[in-house]
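Take a look at the structures below.
Shared chain: chain A. Partners: chain B in the first complex, chain C in the second.
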Partner chain A sequence: MDSPFALPAIVLVTVVTLAIGAYGVRFARTTSDFLVASRTVSPGWNASAISGEYLSAASFLGVAGLVMKYGADVLWYPVGFTAGYLAMLLYVAAPLRRSGAFTLPDFAEARLGSRRLRLLCAGFVVLIGWLYLVPQLQGAGLTLGTVTGAPYWLGAIVVGVVVTANVATGGMRSITFVQAFQYWLKLTALAVPAFFLLLVWRAGGTDSLTAAEVPVFPTETMVDIQVDVSVNVVEPVSLVADGVIDGTAVDGPLSWAPGRHDIAQGAVLTFPAGAPVPHADQLDTLDNATWGTPLSTGGGHPEFPLFATYSLILATFLGTMGLPHVLVRFYTNPDGRAARRTTLLVLGLLGVFYLVPTVYGALGRLYTPQLLLTGQTDAAVLLLPGAAIGGVGGQLLGALVAAGAFAAFLSTSSGLLVSVAGVLSTDVVGRGSVAAFRRAAAVAGIVPLGLALQVVSLDVSVVVGLAFAVAASTFCPLLVLGIWWRGLTDAGAAAGLLAGGLLSTGAVLITVLGGARGGWLGVLLAQPAALTVPVAFLVMVVVSRLTAARVPVDVGRIMVVLHAPESLGVHRRAG
Partner chain B sequence: MTERSEGNEPQQPPERVRIDVAARRRVRVDRTLREIEEQTRVGEVLVQGLIRAQLSVALRLSAVVAVLLGGLPLLFAVAPSLSDVEVLGVRLPWLLLGVLAYPFLFTVAWVHVRQAERNEQDLTDFVDST
Partner chain C sequence: MHQEVPVTQLTRREISQQDYERIHTSTEFAELRKRFRGFAFPMTVVFLVWYLLYVLMSAYATGFMSTKVLGNINVGLIFGLLQFLSTFVITAMYVRHSNKNTDPLADDLREQLEGKTPDESGTTEKGTTRA
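Showing the complex of A and B:
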């Protein structure tokens, strides 16, 4: 797709984001203003901001891409991304706000009185933050490359630099305005084109999305191969090729027998209308009926779909509360009651948003099936308006989704950067001064940018899912046990964090580096939460029991602070 | 939604009396708070009761979600024919996971906010009445 409007739209979003940020700077005067917007943000603004910050590349592009590839089973991703806020509401939101702490390490120290535990938490905050930042920057590279043909690294650098500069100069007060704006922009950018896509689909005769046939090219389709790819041909297909195919240079008609074919970067393939789509070889060639049936793919783990599904559910339901950029935003609520109401509104806003990506995922199989050949289904959202609608209308809508995608990278990266920089500036360098925060923001932004430039082909949503698994295996048990169980000790918390954190991080690293894909080991490494979350809880409880003498002497007072409503006034003196 | 939050201020009586009441009320609340903070037996029981009540609300609602939503993969595994059922032209799994899951989660959250706030109000009312 070459929409002439896409680049101006992306530039506009970036400039507006910076402008709103600059407007907010005038309010940011002290460190407290910087970090938590002085706790004066109303639930409506705060909920928009939390949602805007939360809807990342994984939600905006990745969910549709996964649905297009894997069908019914990956609907659990958006459900889990939403349900995470329910777990947060039920167990964490109000007590966390009442703890009066700024960050997760603050909470750990306030609850258990250990400096060393605080540092351990700081380490995991930075790790999860960076793990989550890398795919955002990669999504930016993919988007800019898809809509303008720019090289991958340019998009990553643009988003990395804009966000780092914005965070370093504005802090969180300005970010609150920016994020709130971003939610509504993202919803509009995704929902308006989806509406027109549905109209086109209906006008075209409402083709079945789940008929018992494999996806076919709807019209004669030219496919540019941007990265070397191997495809599996199931039914014989004839095409016109220009490039290196199966190791030999070809320029002209070609017919493929069933089997595997290698296509080199730079090749251009033209398929006739109605030809079955050869799938990239890491994908099973599914007919649409199988695609639409639960437990058929397990989101890439067809051998163990039930385990993969439940592990994903556990990671997403419990991981949200441990994401640093989500937690830090709860301190901007004026009190525990507002924290609850904010969370409730967030559930509503996310629920509305997540109705939409599924539409793109399903229609992508009809209108942009060539993405199943290249494997780059993350681009479905970007390409669909141009492919299905066409004309100036399609180009304008394509520009709109590109702008929304950029908003997604900008807002999520900003939020992550604020929390990583906040932790770095208070726990690692300096004492939380404004200057230290600015230096920390620069460091926090440069590291993941470097990583994003090194690692080219990670799947956006899968990596984000792994970040959820690490968060669910570390901060979820710390928060839940810390808030509800008096018996937790610093030693128990540290042991649980290390057990869950090392296991899940190890699994993440092996998966990311391309280790063990199939079999039991493969699914355990790619979806580790079903093992690592229970292990983390168990270790935390058992070690706390063994070190019961270390239970803080003032645990009763802390519990009062966490749970007593503000109307009793205990927080004025405790805080 | 906020009918309870401002209920502590009675109808405005004459100025002098109002300050008097407020002062007396503050002394009374302070004494109760000191009880809570110093972990006297009464204070400890009060807040522990609140924690138990809040935890039981959270656990009960978690169970509802675990069964009604978390049970879906098992249900589809046990009764695969359910995935072919169409409602309004949409296959059941897509309707449940793609659409209905969201209002369901919101409803559970709404019930929780109500119950959690009621538990807190009960404690506040009790402290005010002692």
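Showing the complex of A and C:
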């Protein structure tokens, strides 16, 4: 924290990203970038670009934060983020390439011949894009706040406005080269400090991770309380406090008996070295052995870990194919064989990347345990280098991590905003003129900003998980049934989209706005996919059966186009 | 991207009735689909079972899963990280299967349907660029 290099590094990354974007646009202005790229991009570049666009703030900050809090269970987030590509490759990618549809609304209209269905799909693309944008802005607020001390809302607004203005003026497009650069920047920014952290950990002889104990403060630690928090004290602890504690103003030594204590915003607590860390109220105080045991926390749902875990697996496996900024990237492959090689490389790149946040999450329990008190474990990646290494080296590594985090949400949110604004301007308002696109970009940027200001207390990866749940409950059934089942009708597709979409979106909104937390209802709302995905499939099949007369007459031909190998020549582009 | 509404091949491209009949009824096409399914469906079952097994073992074989291997690094944690590897291995197997078993058949089918005429404007698996 307080690294003097962090702010310049963030500014530098932002400027460089914008500059490369502006420069790249000169090549890509006349023709669709994706078509241009499709002739020239090798699987290696392409895989880097896909990974670069995919690895968002959730992956960069969020996975480490969740691992720190909940341990082994949340490995399913990164495993699912990765395995989603396998599900997409096996069942969706190749047929969709053959269909020639660039976006999900295109596919829906082409497959089922319904303009109204197209609009419905456009609506869900926008919704999922927004949900996915929220945690990016949230990450931005957190990062700026952590490195400069600015309030959360300021960071979110500054970044939301910068990205929106940039996209609206045609600055940053999804240029393969920029996105590929982003992957390597993110990996470097995370892996290099991780390497030094591991060295320090080994050299320091701090081996608390191998002992079954609750995290303790490694040195005397001062904690600034930025938002009101309640903590749960398990072992008695003495501290020095300055601020409002349990409703009374305190300035001096204090000792806490086991139980719940409320700390008001603005308080400063100082804990001696070796004191056990009181955990934020919503967290269970885990000793390190429980932390490392799978299914002990259910990622925050200790009562129903099995359901929560299955639901998460379903959402991430099936949701990837429905994310607006993921599918379109597969068109940059020249042929099916290259697409498969690309996917394999993407899985490798993502797998390597995700090992690193796991390291941060584990070391966070040793070096930055105060985050378990405040609950803001998403900041672990940002704070660890300074806390564990210290000195100029720690500050430089801290700046590197902060810059990487900024790269993460700049690339992902720009890609998403372009997709959302594109759909808004072509399908919802106007007919795709440049002016309409600019207005659409403004709308597309403001809505998630509003939501981002609401969700301060949620973990960024959890919010991203919700976007996956909605995608899995809507576009996954549409794509899978649309590609593999002749009997699908437009009415069936619409009914299934609405059923899965409304249920999952409702659950998401209640969770985001801080509704039900505990019990069956809580876990169902926080991890809705295990219920909403089967419901969406079922409704789609049943309503299609009931409206069997509406099966498109040319379904046989469409199926041949979708399933005949590309080399047969039926996919020859006309003209 | 945003200024143009992309026209899809499904609507723009007409497959002649003759093409459709030929492909649809050819034994190679049926064989091709069979080979895809023969691999993809069992493989899906295998990987789902493997993932679900991990979760079930975490729930009901806690003793085994929390066996310490190195410090607090236990069997469960290692299995968790192995999920990355297994996903990668399954994908690699699919890529190999496609390259070895389905692609050559697709090429045969194409030669048979189109004669030896080179496909000037189409995308081919052999890397011919688009016109």
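Please note the rule applied: the second predicted complex is superposed on the first by the 530 of 575 C-alpha atoms of A that agree within 3 Å, B and C clash if a C-alpha of one lies under 4 Å from a C-alpha of the other, contacts with A are read in each partner's own complex, and residues count from 1 in each chain.
We adopt the following convention: contacts are C-beta pairs under 8 Å (C-beta built on N, C-alpha and C of every residue); 3 or more make two chains touch, one makes a residue touch a chain.
Because the structure is predicted, anything quoted here is derived from the model rather than measured.
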Return fit or clash for chain B versus chain C, each positioned on chain A through the superposition. clash
Based on the superposed arrangement, let me know which partner A:Gly556 touches: chain B (first), chain C (second), both, or neither? both
Check whether chain B or chain C contacts more residues of chain A in the superposed model. C
With both complexes overlaid on chain A, does A:Asn288 touch chain B (first), chain C (second), both or neither? second
After superposition on the shared chain, which partner residues are touched by A:Asp106: those of chain B (first), chain C (second), both, or neither? second
Just checking: does A:Arg340 make contact with chain B only, chain C only, both, or neither of them? Give me first, second, both or neither. both
Of the two partner chains, chain B (first) and chain C (second), which one does A:Ala72 touch, if any: first, second, both, or neither? both
Quick check on my understanding: which residues of chain A belong to both its chain B contact set and its chain C contact set? 72, 75-76, 79, 82-83, 85-86, 89-91, 210, 292-295, 306, 309-310, 313, 337, 340-341, 343-344, 347-348, 351, 354-355, 358, 556-557, 560, 563-565, 567-570, 573-574
Across the complex, what residues on chain C touch chain A? 1-6, 8-13, 15, 19-20, 23-24, 29, 32-33, 40, 43-44, 47, 51-52, 54-55, 58-59, 62, 65-66, 70-74, 76-77, 79-81, 83-85, 87-88, 90-92, 94-95, 98-99, 102-103, 106-107, 109-110, 113-114, 119, 121-127, 129-131
Quick check: in the complex, which residue numbers of chain A touch chain C? 32-34, 38-39, 72, 75-76, 78-79, 82-83, 85-86, 89-91, 98-103, 106-107, 109-111, 173, 207, 209-212, 288-289, 291-295, 305-306, 309-310, 313, 334-337, 340-341, 343-344, 347-348, 351, 354-355, 358, 418, 421-422, 425-426, 432-434, 437, 556-558, 560-561, 563-574
Chain A contact footprint on chain B (complex, rising order): 8, 29, 32-33, 36-37, 39, 43-44, 47-48, 50-51, 54-55, 57-58, 61-62, 65, 69-70, 72-74, 76-77, 80, 83-84, 91, 93-94, 97-99, 101-103, 105-106, 108-110, 112-113, 116-117, 120-121, 123-124, 127
Chain A residues touching chain B - in the complex, by the definition given at the top: 72, 75-76, 79, 82-83, 85-87, 89-91, 94, 210, 292-295, 306, 309-310, 313, 337, 340-341, 343-344, 347-348, 350-352, 354-355, 358, 484, 556-557, 559-560, 563-565, 567-570, 573-574
